[in-house]
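Take a look at the structure set out below.
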Amino acid sequence: MAAKYLKKENLVSWLQTLAKERLTLVPRREGDAVVFRPFAPGQDIPLDQQATTPPKAAVFPQCEPLLAFKYAKDPENPGKVGVQVKEKLGDTPSVVVGCRPCDARGFLTFDRVYDSDRASDLNYLTRRRNTLFATLACDEPASTCFCNWVGSGPADAEGSDILMVPVEGGFVLEPVTEAGEKLMEQAPLEDAGDKAALAEAVKENAAKALGEAPDLSQAREKLLSLFDNMDFWEGVSAKCISCGACTYLCPTCYCFNITDEQSGAEGVRLRTWDNCMSYLFTMEASGHNPRPTKAHRLKNRVGHKFSYYPDIHDGHIACCGCGRCIKSCPSSVDIRQIVLQAIAASAASE
Amino acid sequence: MKIGVFICHCGSNIAGTVDVAKVAEEVGKLPDVAYSTDTMYACSEPGQEGIIQAIKDHNLDGVVVASCTPRMHEPTFRRTVERAGLNRYMFEMANIREHVSWIGKDKESNTQKAVDLASIAVAKLTQDRPLIAKKFGVNKRVMVIGGGVAGIQAALDCADGGLEVVLVEKTATIGGKMAKLDKTFPTVDCSSCILGPKMVDVAQHPNITLYANAEVDSVKGYVGNFEVAVKKKATYVDWTACTGCGLCTEKCPSKKATDYFNEKIATTTAISIAFPQAIPKKASIDPEYCIKITKDKCGVCEKLCPTKAIRYDMQDETVIEPVGAIIAATGYDLFDYTRYGEYGGGRYPDVITSLQYERILSASGPMAGHIKRPSDGKEPKNVVFVQCVGSRDKSVDRPYCSGFCCMYTAKQAIQTKDHLPDSQTYVFYMDIRAPGKMYDEFTRRAMEEYGARYIRGRVAMIYPKGDKYIVRGADTLAGTQVEVEADLVVLAVGAEAAKGASNLAEKLRISYDKYGFYMESHVKLRPVETNTAGVFLAGSCQGPKDIPSSVAQGSAAASKVLGLFSKDELESDPQVASVDIKRCVGCGKCIETCPFGAIEETDFRGEPKANVIETVCQGCGVCTSTCPQGAIQLQHFTDNQILAEVNALCQQPLVTSFE
Amino acid sequence: MELLDQLKEKIKERLPELDVVIGWEQGFDPLHATPLFMRTEEDVDRLVFSPLCVHNLASHLTGLKGKKVGIVVKGCDSRSVVELLQEKLLVREDVTVFGLPCTGVVSLKKIKHALGGLDKVASAEFNGNELKVSAAGAARVLPLNEIAADKCGRCQYHNALLSDVFVGAPVEAAAEDNYADVEAFQAKSPQEQAAYWRDAMQRCLRCYACRNACPMCVCRDHCVAQSREPHWMTQQDTVQEKWFFQMIHALHLAGRCTECGECERACPVGIPLLLLKRKINKEIKELFDYQAGTKIDATPPLLSFKVEEENINERGW
Amino acid sequence: MSAAPGNELRIIGFLCNWCSYGGADTAGVGRMTQPTDLRIIRVPCSGRIDPLFVLKALVNGADGVLVSGCHPRDCHYAEGNFYARRRLEVLKRFLQVLGIDERRFEYTWVSASEGQRWQEVVQKFTERIHELGPAPKITPDQMAMAETMAAQPR
């Protein structure tokens, strides 16, 4: 299928069609934030800017039951208690419409970890395989955007099933995958015609507006070489307040915690987001904490994304450049600056 | 965890309105309950044996008994589980009698409620941990605060029992109120004749250290190990040198000093000895009236003193006394009789208090035992006694009965007739309260043998008429107004808490009632104990008492101290606060709120941390609800234990159910 | 400008005896300032002060325990320093306070509403009582009073309440706070209120930015929100749990909150959290005539009591 | 735990051991009939009651919470109830913005001797909670409703 044109006023009817078969997640304004919620007829769909939160929860919920368990007593011998366990998998077919290329691309970072030769996370994979992305290409970058630094761009279709390019009056839809093509079939589309050329111009302008990306090829080694330089890390982390806003808003942060909660005879094993900015993240049962200060922890966050992860995943940076960690940081910690400083600092020390 | 649950029938007390078998069955379904049964009387010998057997048979980790109030039988069952080899704190109780079966008749509701209460107990037990009492050494010295008859008795009994005693008395002599009395009821025997020898015993006892003219400044520490700072107020006389010869008092030119011992009906010299039998018999100077101290003139006493004991520049001095127990015997003070303006007390010279009358009656008093009117020195003919002045009167916030006024009024009526055979006494009373041995007989004697006229009713007002006073009141038995012409009016003023009693209570960390009387630990069963371990009560500081009761309490308090000190080490209640040092940020909020000073700051690898002094902690848990990060937890009432109970009653459903 | 130069000079004077001085510098775009940790004179040259300096830098103080720290404070920020000192969480000798007079800071949220977004701001400049912004190719002039933080409109302490070095001329004005916002919210029915919080808490991420940005949340690493001992909360992402955390936060701040509003400002999903704390502050004021962070030697009302409480009417129970 | 039978509501009482729990005992010994809704949790002192226990119960669906301690000045631990009074009063007022009807929470003082007073308190509080009816629960159903409402254009 070639690129097609979707009139703005037809978006809603497409969403309505989609919502009949799939859980259809779209941006919605809630208070001062824009978040992804199930499409509700009549709702306003703010597509003019990046959503406050990424659609991470669509595939990797903030809190997800991995299994439920139940204690069952032996009626003959009440002292004997057995446990029954049921696995829980989220297999609702879903589609996210209106996320950005960086958002969709974030899951590639997950895939390398949860869907590899070494490990396969069934809970993750079930959701992943049931979730499609109709991604909106960016026409103008925000001051916090840096997708081009991490090998992507405002119209990067990797990780998406459909790419929607905003043009005057509507969107040019480009199918990326077969599944995406099927979704497009359900839309009231028109031939793209001359809109296709407009779409290419939008892409080009957006890429241009982002400007030149600095060379980060040195980051991997240079961050490693700074590993023991705590002065450096104390300096760049001074203003960090150790909250989890950056990680929880990050489309690529995939860490989790597991807890059991019980009510009477029933219980549930929960997987919840966890974040490496928290003191408790590396707290060991002995009371020892290998990352006792925020300097250690921020070092891990930056190091992991730009050095340790690329090191074992063919150079892929574990950052999609969405800039939410900068934009929503209460102290405006800027990860771009830290990476550049690291490159510069170790260059100076060499 | 394996929990055993025992639902008690308590005969028909519980089983009458609760389906106990159903309760046992329902609670038996809880995942941690390995054994659940009903039992006829859980507290009986076979009931307890059944619990012990079940613990052994089913390898139980803890036990829940649902029966009566834990305030009754919790200690019983703790001993039971201990006998079976469990820690005594691996036990919980559900109160399904006082809180269920006795207050509702609906069997279905009661049964459900009993199930809930037993389930709360099970939920809490799953969070219980074994607790072990700690031991600590005891300093076998005791401090008695107050040298009235109760304090004297307590001090002597303790000292005779072999304890070192520190007796602290606020005034310059011991003896208290009793020393001021002329005679005592119901025997009319001489007060100083019976008290005097005891006072001398105190002075001579090798085990007693007496600080007269001294007050307690601060109290630190805890049972077994208190540190009390005692402030010795300046007397301006070196008591180690003073022999009590009295030469100085004879020659002192300043004779207008307030005579507190004589209840201000006379004056005394600036340097004085309270009364001839004073213990210690030492002179002290009232600096307000001393000409040398106020004007730097005179100095007669210094010149006269054969032992050169006078020290005009003497300062207050503080000594620290380490003791293991404290007996508070601070007595009472008299109600301020001037508050009844309609009686004219304080304005009319011949309207006096009962204690002033005692001093008039006393042979060693300012009138040498001759009854004379303070105004003109004439012998009175009609003497009117008004009872309940500052007792049983809500309008002056003294709704309680002072207990002994009826008796001393009868005694004073008898003495008046003895001293002045021609006199006539009248007694206005509300009720006669004479419940002691020989007491009622005594009041009857006053009426029948000594002709005292008892008029049941309140006095409305007293006003002067010529050189006499008209006492107007009601005779509620006759239903008439009465007016009596009196030469002298004696107000039977009630007792109130000693001035500064509440202040001392706060130092001792004991509670007091709204009138300032100290609270005993249990009204009936722990009458001389307080809620602060190691602090005991004797005499009127706990409530108005007559002499026999005060003496009895003095001895009782002493026996409690002797009992306490019979062990070399004490066991502390392990239900105390405990600090998780990893969570503590050293903010000190717990230290600030602890009512007992039981938390101190310590240094842990350079960080400030809270530390609980387990023997001081009383287990209230204020610290636990103060600490925001939950770093300090009251053992056996931890956040998790209470949360388990709350969750057992209303837990939000899990996001995902098993089905 | 003059004020800033004076401030820089004073900081440079004191810098040799201090390990670090905390101020603000320009952030990643013209509208964002960001905390600056000054250790050298060159660092001091980067210092800025304008209505964009929204952060309460006192939040960093307890994390720098044991160091000699200088801190630049506005009037509101100084209350947090006072409160920390009162709670003995700071050592007075270790803190050097550079106090400023402040006429108010902006609310980036309000600017965001005015501009329709903050993503594309090219320049921003203060001119008297106006902010000139150019964003997404368009220039706008925003009057300061329309974009000022709510707390500034009711500010009673424009000048630092505590300072070792005070720079500039004190601001004379002081507003009254009648808690009209709290009153208005209280006027809603319980059902409306519950629905309001339900909606708001739904988007909470449990990132704890509200907590970590709070200068008075000194437990941080040991917060009961994430502990199992004690186990106050589960990790379920239900509205109940998220909401309960805000109740914990508010109650743990009762009598301690200095209303700097950092909790609300830090929230990445814009939950109006300050309201809860203001409600408690309103009651603390009424009951105990007490305002946190105004006197170092005051006794916190919930760590003390009176035998007779003048203002607690127990409603006949 | 199974639901209460009939039309009982879930009322939780936090009682101090020394006074109010004793008062409830006294009422029981005196066979003073009371409504059966209340479930009592015993704590050593009203000062031990973290206001968050009350909120936890209310958020988790309790219909009413009653706290009772020793009368002021009468605390076994001298001061615990003084702290409790301040904290619980602040808590009660805090409810006014939480969307929890403040009448669902009350605190009072009952001494160990006041069996009759305890009976009256239980009677009065239970009646009040029944007048208010079951507390609105934050159930998934209601959540869904809130979601639909939020989706309406404003």
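Going by the order they are written in, the chains are A, B, C and D; count residues from 1 in each one.
In this text, a residue touches a chain if its C-beta (ideal position, glycine included) is under 8 Å from a C-beta of that chain, and two chains touch if they have at least 3 such contacts.
Fair warning: this is a prediction, and the values are worked out from it, not measured in the lab.
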Selected interface, A-C versus B-C, where C-beta contact pairs are more numerous
A-C
Geometric centre: closest chain by C-alpha means:
D
Per the C-alpha means, the centres of chain B and chain C lie apart by a whole-Å value of 50
Taking each chain's centre as the mean of its CA atoms, chain A sits from chain C at a distance in Å of 30
Using mean CA coordinates as chain centres, what's the gap between chain A and chain B in Å?
69
Can you work out the whole-Å distance between the CA centroids of chain A and chain D?
44
Can you tell me which residues of chain D touch two or more of the remaining chains?
1, 51, 56, 59-60, 73, 79, 83, 87, 147, 150
Residues of chain C that touch at least two other chains are 199, 202, 232, 236-238, 240
Counting only residues that touch at least 2 other chains, which ones in chain A make the list?
30, 63, 261, 264, 270
Complex contact set, residues of chain B against chain A
2, 28-31, 33-36, 58-59, 582, 647, 651-658
Chain C residues touching chain B - in the complex, by the definition given at the top:
87-89, 218-219, 222-224, 227, 229-232, 236-238, 240, 252, 303-304
Report the residues of chain C in contact with chain A in the complex, numbered from low to high.
20, 27-29, 32-37, 55, 59-60, 63, 109, 112, 116-121, 136, 199-200, 202-203, 205-209, 211-213, 220-221, 226, 228, 234-237, 262, 265-266, 268-272
Per the contact definition, I'd like the list of chain D residues that touch chain B in the complex.
1-2, 4-6, 8, 10, 12, 17, 21-22, 24-25, 27-29, 31-36, 39-45, 47-51, 53, 56-57, 59-62, 73-80, 83, 87, 119
Of chain A, residues touching chain C in the complex
30-33, 35, 48-50, 52-53, 61-63, 140, 142-144, 235, 238-239, 241-245, 247-249, 257, 259, 261, 270, 272-273, 275, 278-280, 294, 324, 326-328, 330-334, 336-337
